[in-house]
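To start, the structure itself, in C-alpha cells.
Here the chain labels run A, B, C, D, E and F in written order, and each chain numbers its own residues starting at 1.
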Amino acid sequence: MNLPPPAWVVIEPLVRAALLEDLGRAGDITTDAIVPAGRLARAVLKAREEGVLAGLDLAKLAFDLIDRDIDVEVLIADGGMVAPGSVIADVEGPARGILTAERTALNFLCHLSGIATATAALVTAVKGTKAKIVCTRKTTPGLRAIEKYAVRAGGGANHRFGLDDAILIKDNHVAIAGSVTEALRRARAAAGHLVKIEVEIDDLEQLAEALAGGADAMLLDNMSPDMLAKAVALAHGRAMTEASGRITVATARAIAAAGVDLISAGWLTHSAPSLDIGLDFEG
Amino acid sequence: MNLPPPAWVVIEPLVRAALLEDLGRAGDITTDAIVPAGRLARAVLKAREEGVLAGLDLAKLAFDLIDRDIDVEVLIADGGMVAPGSVIADVEGPARGILTAERTALNFLCHLSGIATATAALVTAVKGTKAKIVCTRKTTPGLRAIEKYAVRAGGGANHRFGLDDAILIKDNHVAIAGSVTEALRRARAAAGHLVKIEVEIDDLEQLAEALAGGADAMLLDNMSPDMLAKAVALAHGRAMTEASGRITVATARAIAAAGVDLISAGWLTHSAPSLDIGLDFEG
Amino acid sequence: MNLPPPAWVVIEPLVRAALLEDLGRAGDITTDAIVPAGRLARAVLKAREEGVLAGLDLAKLAFDLIDRDIDVEVLIADGGMVAPGSVIADVEGPARGILTAERTALNFLCHLSGIATATAALVTAVKGTKAKIVCTRKTTPGLRAIEKYAVRAGGGANHRFGLDDAILIKDNHVAIAGSVTEALRRARAAAGHLVKIEVEIDDLEQLAEALAGGADAMLLDNMSPDMLAKAVALAHGRAMTEASGRITVATARAIAAAGVDLISAGWLTHSAPSLDIGLDFEG
Amino acid sequence: MNLPPPAWVVIEPLVRAALLEDLGRAGDITTDAIVPAGRLARAVLKAREEGVLAGLDLAKLAFDLIDRDIDVEVLIADGGMVAPGSVIADVEGPARGILTAERTALNFLCHLSGIATATAALVTAVKGTKAKIVCTRKTTPGLRAIEKYAVRAGGGANHRFGLDDAILIKDNHVAIAGSVTEALRRARAAAGHLVKIEVEIDDLEQLAEALAGGADAMLLDNMSPDMLAKAVALAHGRAMTEASGRITVATARAIAAAGVDLISAGWLTHSAPSLDIGLDFEG
Amino acid sequence: MNLPPPAWVVIEPLVRAALLEDLGRAGDITTDAIVPAGRLARAVLKAREEGVLAGLDLAKLAFDLIDRDIDVEVLIADGGMVAPGSVIADVEGPARGILTAERTALNFLCHLSGIATATAALVTAVKGTKAKIVCTRKTTPGLRAIEKYAVRAGGGANHRFGLDDAILIKDNHVAIAGSVTEALRRARAAAGHLVKIEVEIDDLEQLAEALAGGADAMLLDNMSPDMLAKAVALAHGRAMTEASGRITVATARAIAAAGVDLISAGWLTHSAPSLDIGLDFEG
Amino acid sequence: MNLPPPAWVVIEPLVRAALLEDLGRAGDITTDAIVPAGRLARAVLKAREEGVLAGLDLAKLAFDLIDRDIDVEVLIADGGMVAPGSVIADVEGPARGILTAERTALNFLCHLSGIATATAALVTAVKGTKAKIVCTRKTTPGLRAIEKYAVRAGGGANHRFGLDDAILIKDNHVAIAGSVTEALRRARAAAGHLVKIEVEIDDLEQLAEALAGGADAMLLDNMSPDMLAKAVALAHGRAMTEASGRITVATARAIAAAGVDLISAGWLTHSAPSLDIGLDFEG
C-alpha cells in the first residue's frame, strides 16, 4: 500500500515545513561539526515494537528533500505488519543527510504508524462482524489528510474529512432547529444531490424521527449494546448505523455484535501512542 | 499562564491553516443549512476529565478568526488544573460561528492539554527531588513550538527546540568520529560561544571521557537507577545529567532519586492522549 | 445573502493576492502622483446591465485591505437583482484608496456576478419544473469555492466541489473496470458511508446496470429529451437523474420537462460573461 | 510558441494550487477505487471546436506534478490553430494520474485557449489595418500573468500588467486634479524616466490639452469611428491612440479603419468563453 | 512622507516574516524570563548619527504585530532629516513587547534609512543641476519594493522595478542581436505601447545608432564627463541620458554638470551603510 | 566550502522569491524580445575586486530554477579568495535563461560575498590573537540564515541566530530586574539546561556581579582596551568575554590584544558593501 500518485503534491509542503521546523536557522550544527561532508553510511529503519506501518512515503521524502543522494528502499510497505526487529527500509547515502533527516522522517512515520496500529487493533477486535472501524474529525491540526490515510492503512475507513463533505446533524443543531424532523428538513433542502446526511441520535424516538425524515445514517452516541441492537433493528435496510462513544479494544466486539455498520473512535487520531521505530546505523 | 505577546504572530498561521483544513471548499454545510444567520448562543468549554490546560489562546483565536463577534472569556488559564465538569471558558456570540469553530478550537485545546497533563503527572511523580521533566524533539510535525509550550504549561521544561540551538552528540556521531573525545573536540571547535554541548553516554567510561572533554551535559540513556547514581556522582558539579529511555510515571521517582538533573520523555509530545474537553451549549 | 461568517478566513488570502497582483512592486503610481493623500471621495458601485449580484464581500474586503478608512455600505446584497443604473453600494473614504482598490474589487464582483447572472437565467428557464441547476468542476483555477458560491447566489446548487467529496464514475472509469457493474462494485467497496456515487450513463442498458448496482445518481450525458424521459421513468424513486451536455437557456426547459432532478452546465463557471458593474465618483 | 523559460517558476505555484483545490483532503476517490495502481493508458487532448491554443505548458505541468511518469507530447503548440477533432497532444502513462490531473489540466488549457481564440478573432477582424488588439487589467484574480500571455498567444498585445508599470490617467484622476493639464503635470513630475503616460480622453478639447501636456498615448473612450478619425488626425505623430469601449468582432474593423494604433477590449480576459477541449482515452 | 495606503498589504508579510525569523520557535526567552508580563515602559527611537529617515511604517508595524497595546507616535517622518540625538518616535506600552520587537523594528528602519541617507548625499551633491539620482535593480533579495521606496524618501527616483516594466538593452543583448539597430528593432516590435526602451551605450557611434533607432533613453556607461557632455549634446531633445558607473558623492557633481538627465548608482541599495538608530528606554 | 546538504530546502524559497520579485508579471521582456529561444551562450562569473566568496549555491540555484539546462561549474568555492579578474564559475546554456537569472544570482552572490569579505578583513586584523570575530542579530530582514553563513564563509563565527537560542541580558533587562544579580537569577531559573546566558556589562562592578551570578559570557560594551584587559583578567577561566561597539579593521587588533575571546561587529551584516562580481559573456 502506497500513497496514491497525487500524494507528492499533497505531502511535499508538509515534509518541507517539518524539516524547516527542525533545521531552524542554523541547521544540524552537531552533524555539520562532527561528520565529514563526503562520508557515506548505511542504516535501516527498524521496528522496536509490534504494529502496522503508515507514512513511509513521508519518511522517504524527508530524506530525499535533505539530500537527493540518499537512497531509501522500502522493504515493508504501508499497511504491513512489523514485529520488534523488523527491518522496514534500507537507507543509504551521505551520512550527514541521513542524520539530519532522521528525526523528521521518524516523527512522521512513528506518528502515522501509531494511528495505523491502533486502528488495526480495533479492526481485529471486530473481525468477523460487519462493523467497519472509522475515524472522526478529532485529528491533529494540519495533519488531517495523512492521519485519515493512516487509518486506512490500518484497515479502517474514513468518516467526514471536514465540515464540507457531508452533513452531520449534531445535538446542538437539533436543539436550534427545534426537532430532528425540522433539522433534517432544513438539511435536505440545502444539501447537494451527492451529499449524505447523518444524524446524531440519543434515543429510539429520535431514531424513528430521523428514519422518517430520510437520514442516510444514524450516529448512535454512547448507547449500550442492547440499545444499539434495538436501534439497528429499527434502522435495518433504511439507514446505516454508527456507534460512537469511548469505544475501546475491549468493548468494540460487543458493540459490533449489536449489528452496527460502523464504529467510530476519535482516539485513533487524537490519542493513539506513536509506534516505536528507530534508525540504526550499520557497520 | 498565557502565551507571551508575540504568540499571535506565531499561532495565527497555525490556527488559520487548521480552520481551512476543516472548512474545505464548501464550509460548514450542516450549520449553514440549519442554523439561522442571526441566531445567538451561549456555550461553555467544559472539562470531562481531570488534567492540566494548555492552548486556550489557540482555541480563542479559532473562534475569533471565524467570527469576531464571538466572545470568549477564559475562566481557567493555561497551566490551571481541571476536574470533570470544570468550566474552562464562556463562549458567547453567533451560534453559527461557535459551531463552525468548535472542532478546530477543541482539537488544539485537547491535544495541548493532553501534553500538559502528561507532563504534570511526571512532574508530580518526581516532586521533592531536584529532577526537572523535559521533552524531546519527538514532536508532531508542524506543532513543535506549541507542543513545547504545552510541556511548560504542565510544569516541565524544554530540551532543544531543533537541530540548531544546541549540540547533542549521539551514538552515531561518536561512531563516525571514532570516540567521544574526538567528537567533542570537533563539536567544541565548531560551536558558537553560546552553544552548549551534550553527549549521549552508554557507560561510565564514556562518561569519564565526556567529562574530560568538557561536555556541558550528559544524556544517560537507558541506565538503571544504580548506574545513574554512579554517573551522577562522577559528573557532580562538572556537568548536568539527564536520564532518558522509557520513563513512566511509575519509574520516574526512582530515576529522579538517583540524583539526575533532568528526566526526558519523548512520549510527552508524541504519545500523550488528548484531554477530553467539550463544548456544551446552554439554555 | 452574504457569505457565511467563516468566509473571511477563506476569501482574505484570495483578495490579498489579487491586490498584490495589481499593485506590483511600485503600487498605484498614477493615483499616488495625482491624488493628494488627504483627499476624501464618495463613489457608488453601479450596475450597467441587468443581472444578479455575487461577490460583494470580496469587493468590500478589497477596499478594506487597501485602507481601513474606506467605508462600504452595501445596498443590494448578493443574490439581489440589478438593472442598469442600480446603485449597489456606497463607497466613501480616502480617494487614493478607492481608486487603488477599484479594479480588484470590480474584477471579483463582475466575475462572480456574471456567474450568478448566468445561473439565474437557467434557473428562470426551468422555473416550475423540479429541475435544479447545478455547476461542475469546470471552474477557474484558484476560484472554485467562490465560483460555486456565486452559483448559489444565482439560485443554483452545487455539484461536487472536488475529486474527493463524492464518487463520479465516468466513461473512462467504466472502460477500465470493464463494466458499469464492476466499476460500481469497486466504488461501493471503497466508498465511505457518507459518500454518494453517481455514474455517467450513455444508454438505457447502462442505466439498468447502474440502478441494479445501487448508484445514487445518474449522469445522463447528451441525451435527447425523449431519451431523458425514458431514463427518468426507469430511475424513478431509485436514483437521482442529472442531465448534462451543452445545456442552454433555450434548451433547458425541454430538458427539465423530461423530469430530471438536476441539469448541470459547465459554462456557468467557465464561460459566463462578467456582469458590467462600474465605480462612479460623485460630485 | 512556448512560455519562456522562467515560466516554470511562475506557473508552478498556480498549477500546484489548482491541483490541491481539486484533490481536497481525500484525493481522487473515484479513480483510486476503480483504477488499478499499475494500469497504463494512452490518451489525447483533442479540440472539440475551432480556436487558438494557449496554456499547454500549464496542462503539461498538471500531469507532471501528479505523476512524473506521465509523458505529454505536444503536437500543436500555443498560438496554433485547431479545428474540431485536432489532436493537440499525446498523453501516456499511469491511468490513475491521467484521470486525476485531467480536469485541472483542461481547466487551464480551455480557459487560456478561450482567451487566445477571442483575441485571434479580433486580430483577424482588423487584419490589414495598423491596429493592434490589446487587453486590459480586467482579468481574473490570480491569473493576470497567464491571461496576458494567452492574449499574446492569440496574436494580441498587452496593455499595463498592473497599477505600477505605466501611468494611466482616468477621468476620476482628471476630475480630482482639476484638468487634464494639471493631472499630466503631476504625473510627469512623479514619473520615472522609463514610465509612459496615457490619458483617458472624452472629447477633442481634452485631446488637445493632453497633446500639449506631452502624454505618450491617448485612450479614446467610447468614441464613434468619425470622432476617432478626427482624434487620430490630431494626435498623428505625437501620441499613440487607443480606442476602447465595447469593441466587438463586428465593430472592430470600422474602428481600426479610423486609424487608431490600438484597440483594447476588456472582455478578452473577463468574458471570453472557454475553448472546448477534451481528453479522450484510446483503445 | 508616509508609505501610501496600500503599503500595509505589501509590508505586512515582510514584517511578519522578519519577526518570525527573530522569534524562532521559543520566542524572546530573555525577556520572557526577566520582564514581568504586566510591566509597562516608555522608550524613544533616537538617531545616533546624521541622516535621512525611511521605514517608520515598518518599524511601527513590527511593534504593532508583537503587541497591539504598544503605541508608537512618530515625531519625524520618512524623508525627514535627523542629527545625533534626534528623537524620531515615542514608543509606549508593555515592556516585553517593546523589547521583543526592538531589533526587527530597527533592522528595517536602520537599513532603509541608510539607503535614504546615501541617496540624499548624492542628491545634495548634484543640487542645482538637472540630474536626478536613481537606483538600479541591484537590491537586496526580497526587499526591492521597500528599498526603492527608501530611495524616494531620500529624494531620489526609481529606475526599473524589475525585468518586466521597461526594456533595457544591455551590451550582451546588443552582441546577440548583432547591432544596436537590430536589437532596437526587435525590442520595438515586441514592446507594448506603454513600454519605454533604454539602450546601454559605450561610445558615440552606438549613441547615434540608438538615436536613429528611436530609443527613449541612453544608458551612458562609465564615460568621462567630457564624453558625457558630447553624448548629451547629441541626444539633446531626442532621448533621456543616464550616466552610470561607480558614481560617488565626490564625482557626481562633475558628471551632473555634463548635463545628463539621470545618474544611477547601484550602491545606493546594495552597499549603503545602515543608519545608526537606537531604542532608548526612559525613566 | 559549500552550504551543507539541507541548504536546498532552506534556500530554495529565498531564491524563488527573489526571481519572482525580478520577473514581475511579464518576465524579462528585453531578453524575450531580442534573444532567440534556442540560442546558447557561455559566460563566466568574474570578480572585479579582491574579496572572499559566499553564496555560490544561491547563485547556482537562481540559474537552475530559471532553466535546468544552464550548467554552472564552480571554480572557486565559498570561502575562497578572489582578486580582480578571478574567474569564479563557468555558466553555460540557453542565453535567455542566463540573462534572465543574472541579476538575481549576482544580487545574492555580491551581497553575501561582501559580508564574507568584511568578515575576513576583521579576521585578518586579529590574526595571531585568540579573538574570534562574530556577527550579531543586526541582519537584513529575511536573510539572517544566509548572512550568518556568509560570516562563517569569511572565517568568522556566529552569535545568537535569534531571540530564542540563548539568553542575552541587556541593559534594559537589568534596569527592569533592578540588578544584574536579580536579572541573572530570573534567567537561570527559566533557562533550559542547554541554554547559555550572556550579560551586557558596562563596568567592572557589574562584571563582578555577573561572574558571581554564574553568567557564561560577558558582553563588554564600548570599553577601552585597558578596561577590556582588566575585565578579561577578572573573568579569566570563569566566563567568555566579548568586546563590542564600533569595532573597525583599524581598532580590532588592539581590542583583541586585550585578550577577549570574541569581538562582535554588527556592521558585518548590516553595512558591509557588496563585493563587485560580474557576469561576462564569452565569444
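As a convention for this text, contacts are C-beta pairs under 8 Å (C-beta built on N, C-alpha and C of every residue); 3 or more make two chains touch, one makes a residue touch a chain.
Nothing here was measured: the structure is a model prediction, and the numbers come from that model.
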(request) Starting from the Cα centroid of subunit E, hunt down the chain whose centroid lies farthest away. (result) A
(request) For subunit B and subunit E, let me know how many angstrom lie between their CA-based centres, rounded off. (result) 44
(request) Just give me the whole-number Å value for how far the CA centre of subunit C lies from that of subunit F. (result) 51
(request) State, to the nearest whole Å, the distance from the C-alpha centre of subunit D to the C-alpha centre of subunit E. (result) 33
(request) Would you please write down the residue numbers of subunit B that are in contact with two or more other chains? (result) 21, 23-28, 32, 100, 144-145, 158, 161-162, 164-165, 168, 195
(request) May I ask you to sort the chain touch graph into line, ring, star, complete or other? (result) complete
(message) Per the contact definition, I'd like the list of subunit A residues that touch subunit B in the complex.
(response) 14-15, 17-18, 21-36, 39, 41, 95, 99-100, 103-104, 106-108, 110-111, 114, 137-144, 161-165, 167-170, 172-173, 175-177, 183, 186-187, 189-191, 195, 267, 270-271, 273-274, 281
(request) Note which residues of subunit B are touching subunit D in the complex, please. (result) 21, 24-25
(request) Going by the contact rule at the top, pick out the subunit D residues touching subunit A in the complex. (result) 16, 19-20, 23-28, 32, 37, 65-67, 94, 96-97, 100-101
(request) State the interface residues of subunit B toward subunit F in the complex, per the touch definition above. (result) 132, 134, 157-161, 164-166, 168, 192-196, 198, 216-217, 240, 242, 261-262
(request) Using the touch definition up top, name the residues of subunit C that touch subunit B in the complex. (result) 2, 4-10, 144-145, 148, 158, 161-162, 165
